[in-house]
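Each of the two complexes below includes chain A, the first together with chain B, the second together with chain C.
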Partner chain A sequence: MSKSASIVTFIGSKESSMGKTLLSHLQALLLPVIGLLLFLAVWNGVAKTIDTSLGQFPGPAQVWEQTLTLVSEHSAQREKADAFYARQEERNAARVAQDPTYEPKIREFTGAPTFFDQIWTSLYTVMIGFLIASLIAVPVGIVCGLSKSAYTAINPLIQLFKPVSPLAWLPLVTMVVSALYVSDDPMFSKSFVTSAFTVSLCCLWPTLINTAVGVSNIDKDLVNVSRVLRLKPLTHLSKIILPASIPMIFTGLRLSLGIGWMVLIAAEMLAQNPGLGKFVWDEFQNGSSDSLARIMVAVLTIGAIGFVLDRVMLMLQRMVSWDKNSVLR
Partner chain B sequence: MNAKHLELTQVGIDFPTPKGPFTALRDVNLNIKKGEFISLIGHSGCGKSTVLNIVAGLHQATTGGVILDNVEVKEPGPERAVVFQNHSLLPWLSVYKNVELAVKQTLRGKSKAEIREWVMHNLELVHMTHAIDKLPSEISGGMKQRVGIARALAMEPKVLLMDEPFGALDALTRAHLQDSLMEIHADLGNTVIMITHDVDEAVLLSDRIVMMTNGPAATVGEILEVNLPRPRDRLVLADNPEYNHYRHEVLTFLYEKQKKVEPVSARKSGTEKGASSSKTDAA
Partner chain C sequence: MNQYEKFDGVKKKLKGIVSALALAVSVSGVMSAGVQAAEEIDWPEKEELKFGFIKLTDMAPLAIAYEKGFFEDEGLYVTLEAQANWKVLLDRVIDGQLDGAHMLAGQPLGATIGFGTEAHIITAFSMDLNGNGITVSNDIWKEMEKHIPVEDGQPVHPIKADYLKPVVDSYREAGKPFNMGMVFPVSTHNYELRYWLAAGGIHPGYYAPHKGDTSGQIDAEALLSVTPPPQMPATMEAGTIYGYCVGEPWNQQAVFKGIGVPVITDYEIWKNNPEKVFGVSNVWAEKYPNTHLRVVKAMIRAAMWLDENNNANRPEAVKILSKPSYVGADEAVLANSMTGTFEYEKGDKRDVPDFNVFFRYNATYPYYSDAIWYLTQMRRWGQISESKPDSWYMDMAKKVYRPDIYAVAAKALIAEGKAKAADFPDFDSESGFKPPQSEFIDGVTYDGTKPNAYLESFGIGLKGDTVL
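Up next is the complex of A and B:
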């Protein structure tokens, strides 16, 4: 009796544990979907009750509609551009056939940038700004981590500049760029340089601080190993310091890129760099009945790209981190 | 044997503290012969590690000094290789690369084949050639310490300094490693200074056991010569009266002459023994 009963409970428990894992998988899939649907429902409901001077606040349906519009505008613009280049080539070929000494002129297509062009501009700008910041922050962070005096000297500056909003920097950066970046045939537009530098100024700090902390917290025994081996300073840096602090450096880089992406939108709005920030600003100034929905598309896009950037950094961090036991999320 | 191999003369060290200098060691005198195996034993906090670090060059003595083969020790160097308590392997390098880093430093300008051969030779000494491509996080604590020893041996040190090398290991693993260490010492004949808390370990491995008094201002209390024939076998020695006599000597020093005064918080459990002992009545 008791034996069969225990078998039954055993089978029962096995089934229920299998059911549990299935349930937890389902939960992992279902719960976010439920959350999303709830959000859409609330959004839809609340949007209907808000009337602005530009019409009703856009609900999910209008935003989706505008997403499709932006996609079709993009492909229409692409077709125009292709047609323009085809015409130009034809014309040039004809001129060259008439007069072999003629040097064909190639002109850029001057149509307005589409939403997707603007996404690329934004990504490119943030990457340049982030790269400049990292190239400065990592070496300075290493110096601060290695030398307590350097850290004591630089720390007040870090604390002073870390909380400064990009909007405060922007006028200064704009004026400095206009004054110093003078060239007849500039490689980059001024608005691009201004935006990228503002991003740099704001995403310098997390990398700098985390690098300094990572370097100064290196296991003392590892430093002693290096001393016993009499590693030369450069070898010490490349074989001990850098690998040991890589996880912390990447934590800083991830934070920096997140901040950079946020800062960029504000910078582009004011600097008129043709990216997502300018898109939002132009739509706002435009004030058509579709503007709010189009801005909402931009908001969601900005969020999605920020998320993807963070995931990419997390992947990189996992790849380079030697501490496989640490939980990175 | 060279009588003057490693000399510690009147070594003392002060550490600066907010309340003024703290004298950790005072008047440590020790002459170590080439090839000798020395154990440093004493209660925790008595400055054993500090002695080792001064010999390693990681700390600078405030008074006195250390002379190795007629050269004063001023900075760390591979001729005084250290095996650290927590193995201290670089976690991002494989077992092979960890040893290779040391080999590349000591065999400058040698060919790749020679470097590889020397790395493998030293890993063979500690029986770790099967795991050369593993990361430190993928091998057990005992294996990590073996690699740590291989790395130290690969520097061809005159003196091998070991800071409680087996302290963090379980008893069986520790016994294995002690046997390995005895083999290696018999083969290579390095001078070894080892810190230990373990009385059996000290008696089994050492030629001389240096027993230290409690700090502050710790110094050498007694030195015990262990005249047991080598090779030593732990099973045979277990019943050996001489072995047990040595053990007894060390235990007497540690638990009677240098009875540790426990801090008040640790004494709550009811043992009143510690309270009556005087601190420093040693040699």
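Up next is the complex of A and C:
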């Protein structure tokens, strides 16, 4: 009797705990959706009340419309590119017919980059800038973390340059790049180099500081283990220091990437690198009645990409982290 | 920089083409006759070119030459890139990042004489005539209206700066500086705004570069400063300036947004004045003479298309220019000034068929007298700090404006049958100097062969041996 009662109670409690998990899953899905819908409603309402000299502030409907327009502009431009290559082949063929010494070249399409081309340009510019920054910041951070005297020497410089805005660095970087990066057939355009370097200058500080803190706060027991085993310096670095400070290094890298992405948009506006920053700037200069909606599309895209980049870094961190049980957010 | 991943796919295509070429060679021997450009001009030395422009309606010849394939017909693969402002554009032409650019008619001159960044820039093609306007804010217009004569309920045009003078005086008495905007120190807009103000008795200020003062505000009653064209409506809305002189679509934009009123077009200040030119550095032109000739040929064709059949193609041009990569403004705003009308006060739209002239009246020929007019205005306002003999003006004009290159390009087009000899001036007898022009707002006559005498005829402005 008690056994069947306990089975019933068991099933009953299992159901309620299943119900609880179901409820929590539902919450995890529904709450963000409800939040998003509320936001869209508020945005739509507020937008209708703001009248700028460029027309009404764009609401979700106009932004969606412009997203579709940007996609169709992209396909139209791709068609133009195909037609361009077809014409080029004809022209080259005709010219070689008259002048057999001519070596035909296929040139890239000369039309303006589309929105999606600009997204790609921004992405690889930020990646290069971020990589350069990390290559400098991680080793320097490790040195600072290991040696107190190095840290004391370098710290004033870090604190001095950390708060400098990218817009203040930009004229200096532009001048230096113009003076030093001279060649007849450059592999990278000056605007790309300028934007990438400005991103590096601004986003190396979080990585540097976090690496230094991470390295200096390694568990003393681990350091003692290395001493006992008389590990060589490089082995000490690769087996003890790096794995132990991965969480802090990655925190730094994630912060840096976030900052780098923000800085890139500003740098592109002024350096005229053909990415999302330039898209926003050009739309503003155009002053057409669609401009504000298109800028909103760019703003949302920038936000979405920043979010994705952060998640990618988080995934990398989970892969590299040795402590699989630690909670990573 | 265009990031097309198609490049790999294209490489495969090229391999396919090479085999197709073998076939094509045997077939196209017959069709080659019409394809080679001109017997006279050889193939271009440099085929991939990058040209800069500023977002103004008169960059149209560049856009049309690209979109209609005129550049491609000459074997040129051109990328057009909008620039942030006139200074960046000029610097990038000088340091070679741009092969050439849409420039203000005064920029090649200013650069060659050394006002601003110094470099020898030349031009062989004038891009258009007219196309600018002076707009004032709504408040200033309300004040001006009290003085402007009215006929049939509409203000009498042209509106002279005489009606602005009482407003400027009242602002100065109240201690408020009267700020106005123009686009660049050696811009046509600067000289036209100053001309209009001075004709109304308002002193626009002097430059004194020999003393290091390049603000242009010495002794000024109206203070003129530089703002890039697309930012002008916003700057006026913010109240930083009370008026500006700029090209289109920025005057009509002010009307559409309800933030200002255009009071006069430069057509009324100086009928059929030269406005923009296509400038290249002299170093580039000497290194790539065939390329330069072919560029000029393509642009002449574009200019002809724009004015063809009494401006019949302008609506199509407006559609092209409204693309975000060119000018980007709404079609309605662009059409307001490019299709034969111009809107002054909201609702006061008047017929101005020659607001933009791209080819008529020999608009594309680079006249020496046009260059000299700009040089005289540079001297009038002190950008050229000391007096120069007439011969200096002639020499500078000949150094910068190159009608000889234009003539070769035009003759090639005539030989190909793409243009008629009647479309151009008679190259054998053309001296490069227009006959004396008197259709200025103040009635002063301009004779390009006598620059110093011209300078003497102004009420406000440096003349003779005066050095500030």
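Operating definition for what follows: the second predicted complex is superposed on the first by the 298 of 329 C-alpha atoms of A that agree within 3 Å, B and C clash if a C-alpha of one lies under 4 Å from a C-alpha of the other, contacts with A are read in each partner's own complex, and residues count from 1 in each chain.
The rule is simple: a residue touches a chain if its C-beta (ideal position, glycine included) is under 8 Å from a C-beta of that chain, and two chains touch if they have at least 3 such contacts.
Computed from a predicted structure; not experimentally measured.
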{"item": "Touching partner for A:S289 - first (chain B), second (chain C), both, neither", "value": "second"}
{"item": "Touched partner set for A:P243, first chain B, second chain C, both or neither", "value": "first"}
{"item": "Which superposed partner A:A179 touches (first chain B, second chain C, both, neither)", "value": "neither"}
{"item": "Touching partner for A:V33 - first (chain B), second (chain C), both, neither", "value": "neither"}
{"item": "First, second, both or neither for A:E89, with chain B first and chain C second", "value": "second"}
{"item": "First (chain B), second (chain C), both or neither touched by A:I106", "value": "second"}
{"item": "Chain B versus chain C as contact partner of A:S53, first or second or both or neither", "value": "second"}
{"item": "Which of chain B and chain C A:V228 touches, first, second, both or neither", "value": "first"}
{"item": "Partner, of chain C and chain B, that touches more residues belonging to chain A", "value": "C"}
{"item": "Interface residues, chain A side, partner chain C - complex", "value": "53-54, 81, 85, 87-89, 91-100, 102, 104-113, 117, 120-121, 178, 189-192, 270, 272, 274, 282-289, 291, 294"}
{"item": "List of chain C residues in touch with chain A within their complex", "value": "1-4, 6-7, 10-11, 13-14, 17, 20-21, 24-25, 28-29, 31-32, 35-36, 43, 47-48, 55, 66, 69, 72, 75, 77-80, 82-84, 95, 97, 230-231, 233, 237, 253, 257-259, 322, 324-325, 327-330"}
{"item": "Residues of chain A that touch chain B when the two form their complex", "value": "219, 221-222, 224-225, 227-231, 239-240, 243-244, 246, 322-325"}
{"item": "Contact set on chain B toward chain A in their complex", "value": "56-58, 75-78, 80-82, 84, 86, 88, 90-93, 101-102, 105, 135, 137, 155"}
